[in-house]
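Naming follows writing order (A, B, C, D, E, F, G and H), and every chain is counted from residue 1.
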């Protein structure tokens, strides 16, 4: 039974940020706030860096769920943005799906809050429609590791690939020579341990 | 190899509470007592809210295993209730299976104590008979994370879908507009962090 | 060097709830939301049960910190309540201190959010003024176990006694015969594992 | 794709204890010594209780690996016992395999030390030969949770079912009425929390 | 400021088992049931071995708290035994205190359930009366590590010494030559890892 | 024995950053890199905000230990800066001590890498000379929680007060009205969960 | 659906060490530095012991990523060594793939830093080309357990087998009699707990 | 109340290794075997490097406790070595105490297995006799973190200082210039993360 490596290809990918809202973020407890903020913004920087079509959506943003985190809004001012009137599964929102399909991409990177709902539901819907789905696990958060593990299992069994923002960035970049400065800048900004290496290196080779 | 999203549909679902008995609950150590009580009652509230046919069963309730937790008994006074005379796997009790089939539903939400026995055994039996099985992982408890992980793996490999009560509620509700107050009330009651959002929102928008 | 057991005496105690506000609660990560809500309300039930003078205070409740949790407001409608205009240490608010002293009690139970500030600061101030201070550790929350441990150490070295709501209740009650039903009711409500014992016992002795 | 529940059937099962030796046990760090000893002896009691054909084997027992734990030796004095002269995978020992096949059983319960070697290797070999393999995960131990998780994944992907001693006992017993005293005795002996239930029950119903 | 090593001396010690009752044990979550049972019985074996005067007490043993664990009752059939009619702090029971004082010992080993109440309260009372108090931390259990840590801090600041059953046994025994077989037997029974050493040693030196 | 609350007073405080160097940071494992970077920069922002005299020092910065983290260098361009030629305890460097004393402050906030050396050694030296020492525990890092706990105990027993950057900021600020915007800005920048509250509040009160 | 046990066979195996570089190692946080160093060198010793063709590769070794760890360089002085000019996935480097294929082996042991990139990418590429891939999980490291778990899931679903260095060694060795001294030497060197067994055995059988 | 910094001074220190025996090491579970071996040998290297008088002792080394770990024996061939005939507290062995006193040192570094017995007992005895005691916490091991925490508390309250091998080395060395190569070599050997820094530095400055 042969295996095909469905590898992220920067020309085939769209990114979906689902419900990263200021209120909902207080529900996320499987990451510390520092880590989670860093992971989400790292994914955003990757989307920018590779010019990936990016779609934003929120749920009830005028209520307790709160507004989309302002950094995302600021980074993607021209991205399609859907403040869903009520659909929990973003894929149940026809406009959202239309926008996804309009990108013409067959690989979807999905991140959201909370993992078992805002990520898993559209992921399963997209898989059913034949998309290749890549879950950005560390830019997606939920109540605790138990619900996360269950959600991961459900998506993985359905054929989604579980990744991290760092893996996503590296699989898209493929070769450092494509832009050493640019990609290194993202790593330095979001991986303090890598920034330390760069600083030591710079100091020692001066 | 195409994937079909077997999605919870409130018209297709029955709920099985298996052996949530006062004595057996002292065996549950993969959740704190506070969390577990909250999770089980949240699932019960969801079953009520969506009017899902619900079936209760216990094992040896007149012995050390103790009575069904009184909240469940009170919430589902008219539900079919089977005090099994000895069968460990609820599915080995003909009356129980008959009641399940009498609901006419093909999707089963199963929760129970302990996970690797009272949940896994009927889950595997139901899968063999062609039901779609959804395990409510956080309303099911056991001795420790190791036995839980093993039980999850066995059920997942057999085709059961692993969910949480929050995911169940959201997948059934589909759209907030179906009943904002009602569904929000359940979340506010069982997710203190969400209740805080509602309270801040109410105060700030007064 | 002889030791005196400064034991909680229900005639000598006042209770201070400091900054249990809907917004600030989202900062608490050293307890799960379920556990923390339960612990705070258990302490409140104890304060009610023993008719302890209780004082409420908040910080900037009309801003992002959010309102006092509504359950506390509802349980102590007549308690002195100080919405501090800016002082971080409640003890820097003269009205608050006046109210504390007006109780005429020399033992103070303090709980709050977050531990190293809203609890530790008034605790240290009160110790300096000669009060006996009892920190209700599990009704006080903070960012993570590291900041909690540091705050505990600072308060303990200063002479505060570290307790839990269960210990507080038991030390105040002294003898079950003072009111078996009443005190047992609090335990049954806030300790699900104890409620299970009661239910099994009731069922088995019928 | 239909699912068949390969359920443990007491007439179809043989039990393999692989390398539970006094020396090797010092390598087991994914359980505390108390827990692991209890789990292994619980499985042994189950094997005895159901009269399951049981096979013992050791590796280099006259060297640092040490002797088979004396309790197992004492409980199964007449069981086939293979002190392997050097084969690491017990299935590479022709006498051992011959004994397994001589039981005429098609379901194998395997437990051993360490999980990724002494359990996984014979499990994979037996699967290849068409046996149904059930790993008793909590009667098998290894260096740490990471190696355990990897070993579980390898066996699960190959078709082994991951169980716990408690699940094994319950799946074999099927119905308490087959022998309430006997089976309850095993649980009371190996589950202190269950023993407590029995004791409270006995006291309260006197 | 000179330090005096208040060292356990087998002629100066009495042992107090406080509220190790079948029901209350279900509240203990800072140890697994296997570990905790082992620790309590190890302390009991040590008390027997050194013929230490031992006092048993329970709280409401005819109610949900349940009976004293039967092993303790069986091991100390002639020990003073106080089923307290209501006092939470055993030291508030005059008969209990009288029995403690009747032993004529000035060093008290205290273990109980739960730590912050049944252990801490009599420990603090005894310290106030000038006893040397040694808390057997691992034969004492409570709801979680947070309440345990707070209770330890309170007792330690008051002058209690925190020990473990193993430390207690060794400090009492002083010299293996006093009875190698006897003391080794206790270790072999309650420390499986030590039993393994003994078995390997025996096998290898045959 | 009366207690004096040695409270941080912004006119009495100097801040010491000891050995936060790019290479040494790779040794810190009791915080994630994201958390630790955030904590150190939060303390730096607090030092700036309150105009506290700040002193920087490094150890062998031209070797493997690497340069001072560039953010600190940039934030305090005019601060006394001591690249120690070899002294491990910064207090053994006469210039450093002279600079500390030149500030004329009696309260010292100390943070550094690693905790048991670069923090504990100067902390103990400063205590001996009569300074009030406040350890900023979460802006200090080390190999693991065990070495951290030992180091904390050593410093606490010597009279140092254990704090966190958040507690430091709040104890210095005393009253929000001193500068709501400024202090809120620091919290919003370094506490993502607090930033979320601010964003929800702003959105909801528009 | 029959299962074939793709078992490591020492004549069919090549080993790939991917990016174990001094700088990158500071990113590894799912193992302690002690453990990880030991695991990597244990795999190296196994590769040597069985004379497995071994291939080394690094990424940007003249930059912040740092040099290959010197022990690996020293142990495999004649191994093919590829300092990749920029390809992140080693399999995108034609020379590397050519060297892998030149070994003529169909089973690949892969270890590297970090797991979700340097291990997962070539593992998936090799699976696509029909190799049998065995991931040496504990000689591969990454940022945290979450990214590790996601990476494991991706590789396992693709058909890679997850192993540990100890499992690899044992599956290759098959029978202790092939070389007791040699293989025991590796275990004694890299498993301190096993070394202890050997030392006790030697002492006791003298 | 003034504080004196009792600082390790290489001319005032003796080192005691108590019961690091091959058998007893299997009891140590609060460190992984890799970490613990590394910590003990690091302390030994420090003792050698500073030529500190070192004393070795074992308990029943011809029985199950096993021989002193061979590395220690090899490193200190001429050190006083006491195979105690039965005393559990090494300080109860007159020869051992005589040897300690013969060193003429007033500062004692103590490490051993297990912490609450082999370390705590002689530590408390030495404190009583006026020695300054420094416990090397990470070169001392025991059954679990709970017994460790209790033992630490007992020793700390008695006046012992809790340290780690790294802190010990640094406090003794005082100034890198005393021997950069020598001391750096110890760190590089026992701190893999530091070795990586050295390797990167060397590579980058070539």
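One rule holds in what follows: a residue touches a chain if its C-beta (ideal position, glycine included) is under 8 Å from a C-beta of that chain, and two chains touch if they have at least 3 such contacts.
Listed by chain with UniProt protein names: A, B, C, D, E, F, G, H = Hydrolase.
No experiment lies behind these values; they were computed from the predicted model shown.
Interface note: chain C (Hydrolase) and chain D (Hydrolase), two copies of one sequence, contact each other through mostly matching residue numbers (shared numbers exceed half of all numbers used).
Using CA-based centroids throughout, the chain positioned farthest away from chain D (Hydrolase) is F. Note: the chain lying farthest from chain C (Hydrolase) is G, by mean C-alpha position.
Note: centroid distance chain B (Hydrolase) to chain H (Hydrolase), computed from Cα atoms, is 54 Å. Chain centres here are Cα means. That of chain A (Hydrolase) falls 43 Å from that of chain D (Hydrolase). Spacing of chain A (Hydrolase) relative to chain G (Hydrolase), judged by their CA centroids, is 30 angstrom. Counting partner chains per residue, chain F (Hydrolase) has residues 23, 26, 32-33, 64, 66, 191, 193, 196-197, 200-201, 204 touching two or more of them.
Remark: the chains found to touch one another pair up as A-B, A-C, A-F, A-G, A-H, B-C, B-D, B-E, B-F, C-D, C-E, C-F, D-E, D-G, D-H, E-G, E-H, F-G, F-H, G-H. Interface of chain B (Hydrolase) with chain F (Hydrolase) (complex): residues 197, 200-201, 204-205. Considering their complex, residues 2-5, 7, 30-31, 137-138, 152, 156, 161-164, 166-167, 170-171, 173-178, 180, 191, 193-194, 196-198, 200-201 of chain E (Hydrolase) touch chain H (Hydrolase).
Only residues 26, 29, 32-33, 144 of chain D (Hydrolase) touch chain H (Hydrolase) when the two sit together in their complex.
Residue ranges of chain C (Hydrolase) in contact with chain F (Hydrolase), taken from their complex: 23, 26-27, 59-60, 63-66, 85-89, 92, 114, 116-117, 120-121, 124-125, 127-128, 130, 143, 146-147, 149-151, 153-154, 157-159. Contact residues of chain A (Hydrolase) toward chain F (Hydrolase) in the complex are 22-23, 25-26, 32-38, 61-62, 64, 66-67, 69-70, 191-193, 195-197, 199-200, 203-204.
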